[in-house]
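Same chain, two partners: chain A is paired with chain B first, then with chain C.
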Partner chain A sequence: MSEILNLKDLKVYYPIRSGFFNRVTDNVLAVDGVDLTIHEGETVGLVGESGSGKSTIGKTIVGLEQMTSGQLIYKGQDVSKKKIRNQLKYNKDVQMIFQDAFSSLNPRKTIYDIIAEPIRNFEKIDANTENKRIHELLDIVGLPKQALEQYPFQFSGGQQQRIGIARAVATNPKLIVADEPVSALDLSVQAQVLNFMKLIQKDLGIAFLFISHDLGVVRHMTDNIAVMHNGRIVEKGTRRDIFDEPQHIYTKRLLSAIPSIDVTRRAENRKNRLKVEQDFEDKKANFYDKDGHALPLKKLSESHWAALPKGGENVESNY
Partner chain B sequence: MTEKKHKNSLSLVHSIKEELKKDKLAMISTIFLVAVFLIVYIYSMFLKQSNYVDVNIMDQYLAPLTTGHLLGTDNGGRDIIMMLMISARNSFNIAFAVTLITLVVGNILGVITGYFGGRFDLIFMRFTDFVMILPSMMIIIVFVTIIPRFNSWSLIGIISIFSWIGTTRLIRARTMTEVNRDYVQASKTSGTSDFKIMFREIWPNLSTLVIAEATLVFAGNIGLETGLSFLGFGLPAGTPSLGTMINEATNPETMTDKPWTWVPATVVILIVVLAIIFIGNALRRVADQRQATR
Partner chain C sequence: MESENILEAKQVSVAFRIAGKFQKAIYDIDLSLRRGEVLAIVGESGSGKSTFATAVMGLHNPNQTQITGSILLDEEEVIGKTGDSMASIRGSKVGMIFQNPLTALNPLMKIGQQIKEMLAVHDVYPENQYESRIFQLLEQVGIPNPKRVVNQFPHQLSGGMRQRVMIAIAIANDPDLIIADEPTTALDVTIQAQILDLILEIQKKKNAGVILITHDLGVVAEVADTVAVMYAGQLVEKASVEELFQNPKHPYTRSLLRSNPSAETVSDDLYVIPGSVPSLSEIEYDKDLFLARVPWMKEEAQKVISEKMTEISSNHFVRGQAWKKFEFPDQKLKGGKK
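Up next, the complex of A and B:
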């Protein structure tokens, strides 16, 4: 597994302007020094609460947000600049699936034109081949032929998201950034879309950056997971590292928040949750610096990293 | 391809039809307006310039219903109905042309400035603010008087200088809300150029709004042109306008004793502009619905 995308010390700041001359007086640190590696064909999960900067990372990777500093290395080349990205046809290989499927489809275009858009831009192929390719894609996402002449509003949410996926895989990308692709769908449709994403991953060998706040979904989908809080990664590792041996208090807090339908142990679960929450409040000062930023990551094993305080491992290991 | 286009326009036409069915006033206005335009343009096709320029002093100020003049004659002895037709055509033509220029310029500038935003938008909007606070009526009058070879084209140009701003601002505002929609972002990641995103992706989504805006701008321009002609700074001599017909009322004697010379023109303006505004409001509601349901 060779790495295809590497984020090095990525920072995205949004300026806060104020005063008479509208000068930049402060910055919102949406993403503050993130390192992340994505290998070919794997699924990396990016989890965290709202506003933790996970969507900003996704948008920066596909080039919808400007990075303030840092490097975005794609197949050994720095693609931080838009010019270089355009030269390399970077977006042919790195595509995105959006959270709100309906809003991501132009209401005035037919499904055919929507799916054809990236193909027309990135691949110089004649109308016949294009037509064949689009029918192929429609087969892959399991929609009927007559869908091509229809408009987005004529489809259900799950179908709309599958159209979004068809567009994303149209140019045979290497990496797809999926920004909460199922959070707007109801549960039965979620499973359908997720399994379908897994299927095309297996068939086409696509790597996913799976951005989500739903840990159940992340557990189902991903190989490696990075947990974000306030613009920094607080813990990253394999699925097993994160779910079975969480080290950071924030990760533990997130995991305890997964709802459980085990009614007989309701009281016990609740007690457990409260304990973790209390733990988080107590140890907050240890795990975050005085500005509320997470500490630098520490290597715990070959795959597992966490932002622990000095000597923090010992404090935490008995938990 | 043709079938696709057909379907696409059908949904827009369909929702407009539905709205007109609900709004009887707008429905009647539409039928009325279409009739007026047909009559005016077909009638005036058969007129020669000598018909409405030549003066026949013998027939001056004939009262209505005398010797074949249903609405009487004006101070040049010309039939009022004929004058109404030719004047209405001239006024409508000016309003059409100004509306067309306004919409083209307003749409292009509005979409561009709304799409790019940022510093360009800031500077450009301050420029439109500046043009907006200029006393446009006075400046138009000054231009009309100082331009050497004044004709209806120069009048169209002069009015257009000030009329594009409202449309530009409206289109800009709507473009700014469209830009944040995910389909624009998706187009960006699909490698579509900015120009294509602006006019092939975003603009079709504004089309209902543009139609509604067009009708209201058209009504406004009829008012502006007739106002200028009334003051004597509108269409040049030899090109009658509804405004020049109403200008008869500035003479106290005609105003009180010969109302048939100026009342018909005022009635035409009143009814036509009202009808257009009723239709425009119905279209505006369609535009709002289509925005809300997406």
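Up next, the complex of A and C:
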């Protein structure tokens, strides 16, 4: 599997302006030095609490947000500058699925026009071929033909999300950034959309960057996971590394907070969670610098990296 | 003497006026809740779980809704009460926690004022105790630095803090019943765990009853004592939490559990419930409507069945007989092993 996208030391700062001349007095470090690699056809999960910067990374990748510094490398070429993106068809190859499907669809366009828009933007094909292609796409996402003449409000939440997916898939992208694609959906609909995303990945070989705060969903969907906290990655590794051998206290805390379906171990889980929570408070000073930023990542194995302090805490490591 | 049941709902139906006609959104709901019990109501959006909660709170517009049946709140009939007589119950006997604290709180009012307003409407605490009660509440819900927070506006607080303020308002007058409608859906997992702990802690202290409305099965498994599953305005299964998760019977409950991507099960494909919840005008209450969404049980869906659930074992209620035959297709292939 070759690399498709590479983030190198990505930084996105939001300026805080104040004072007489509205000068920049400080910065919000939304993303503060993130390295991340996505391979062809794989799903990378990006998890963390709200405000951790995970959505900012997604937006920066599709170009909705300007990076402050760092590099975005697509298939070996630096695409940090807009000009190069057009030459490389980057904008065609990298698409996005949004959390709130309804507000991401233009309410005054029919489904046909919504799905056709990216095709018209990037490909010059005649009306007939376009028509055929849109019917194919509709087939892929499993919506009836009548849907093409209808408007977004006429569909349920799950169907709207599938229209969003059809639009994202329309240009045959290589990478789709999915920002909380199922968090607004009911359980049954959620299962539908998740299965469906797996299916199109298998059929079309698309890589996903799956951004979510729901660890159950992330575990189900992803091969590799990066955990973010306060703008930095605190731990990354394979699904097994993160769920079975978490090393960073923040990852442990996140995992212990997932409500478990197992009713019989309820008391045990709760005790464990409170212990981890306490642990987090006690050891916080070791794992973060004095500004509250995570420490640099340390390599633990070929696939597993964690922001651990020097010496000390490493005792429980199995490596 | 206090009765053991804080809430007793009998044959509650709620109908909304839609295009001039009244259409039933929930039908014939029987539910009761003991003091100190946590009852979770689960179901998809549109299944009627919030409609039931708002009926208990008396929040439906009487001109647009028809409510029949009986809801006894601490032995007092709620249905039919309007205006002031309902307002005196709401807030003092029953408190509600809403999903979105930002829309539920008044954006132009300081936190302290909003809690004070709740205390002032009811005469549970005398006026000279308001201030101490406000600080006591804020401390109880775990807000650091209450002295600063009382003078802040909702937008200055984080999501978790806002939800804590909501809880403080809901419990301000020591209600016997707390209704929490998706209290943690908008929150991160770590904050969710803290808020659930908080609700339980308050509930234990006051020995209050809690109705928890959620679609997150993990949350249900963590906090509930009893679980009621609703589908298309009717109850389809009710049991203790252990029984429901270990021995689910109704096809809908089993399908829901199977479509949940929990951290414990890593299967490749999640079960997808085909179709969607029927709209109000399509609901036939003498049939098991969920079976219309089970492709291999289409003929069962046409059978007329009782509107009530039957007790199949101690305190385990299931609606209809279809659960006896229900099997997922892949289980059938394995020779129907259980």
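Operating definition for what follows: the second predicted complex is superposed on the first by the 312 of 319 C-alpha atoms of A that agree within 3 Å, B and C clash if a C-alpha of one lies under 4 Å from a C-alpha of the other, contacts with A are read in each partner's own complex, and residues count from 1 in each chain.
FYI, contacts are C-beta pairs under 8 Å (C-beta built on N, C-alpha and C of every residue); 3 or more make two chains touch, one makes a residue touch a chain.
Worth saying up front: this structure is predicted, and the values here are computed from it rather than measured.
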{"item": "Fit or clash - chain C, chain B, common chain A", "value": "fit"}
{"item": "Which of chain B and chain C A:121 touches, first, second, both or neither", "value": "first"}
{"item": "Superposed model, angle subtended at chain A by chain C and chain B (C-alpha, nearest 10 degrees)", "value": "80"}
{"item": "First, second, both or neither for A:192, with chain B first and chain C second", "value": "second"}
{"item": "Which partner, chain B or chain C, touches more chain A residues", "value": "C"}
{"item": "Contacts of A:7 with chain B and chain C, given as first, second, both or neither", "value": "neither"}
{"item": "Touched partner set for A:104, first chain B, second chain C, both or neither", "value": "first"}
{"item": "Touched partner set for A:254, first chain B, second chain C, both or neither", "value": "second"}
{"item": "Chain B versus chain C - smallest C-alpha distance in the overlay, whole Å", "value": "13"}
{"item": "Shared chain A contacts, counted only where both chain B and chain C touch the same residue", "value": "none"}
{"item": "Contacting residues of chain A [partner chain C, same complex]", "value": "49-50, 156-158, 186-192, 194-195, 198, 213-217, 219-221, 243, 253-255, 257-264, 266, 269-270, 273"}
{"item": "Contacting residues of chain A [partner chain B, same complex]", "value": "59, 62-64, 89, 91-92, 94-96, 98-100, 103-110, 117-118, 121-122, 149, 151, 153, 164, 167"}
{"item": "In the complex with chain A, residue positions of chain B that touch it", "value": "3-4, 7-8, 11, 181-183, 185-192, 201, 204-205, 294"}
{"item": "Residue ranges of chain C touching chain A (in the complex, touch as defined)", "value": "44-45, 159, 188-193, 196-197, 215-219, 221-222, 241-242, 245-246, 255-257, 259-264, 266, 268-273, 276"}
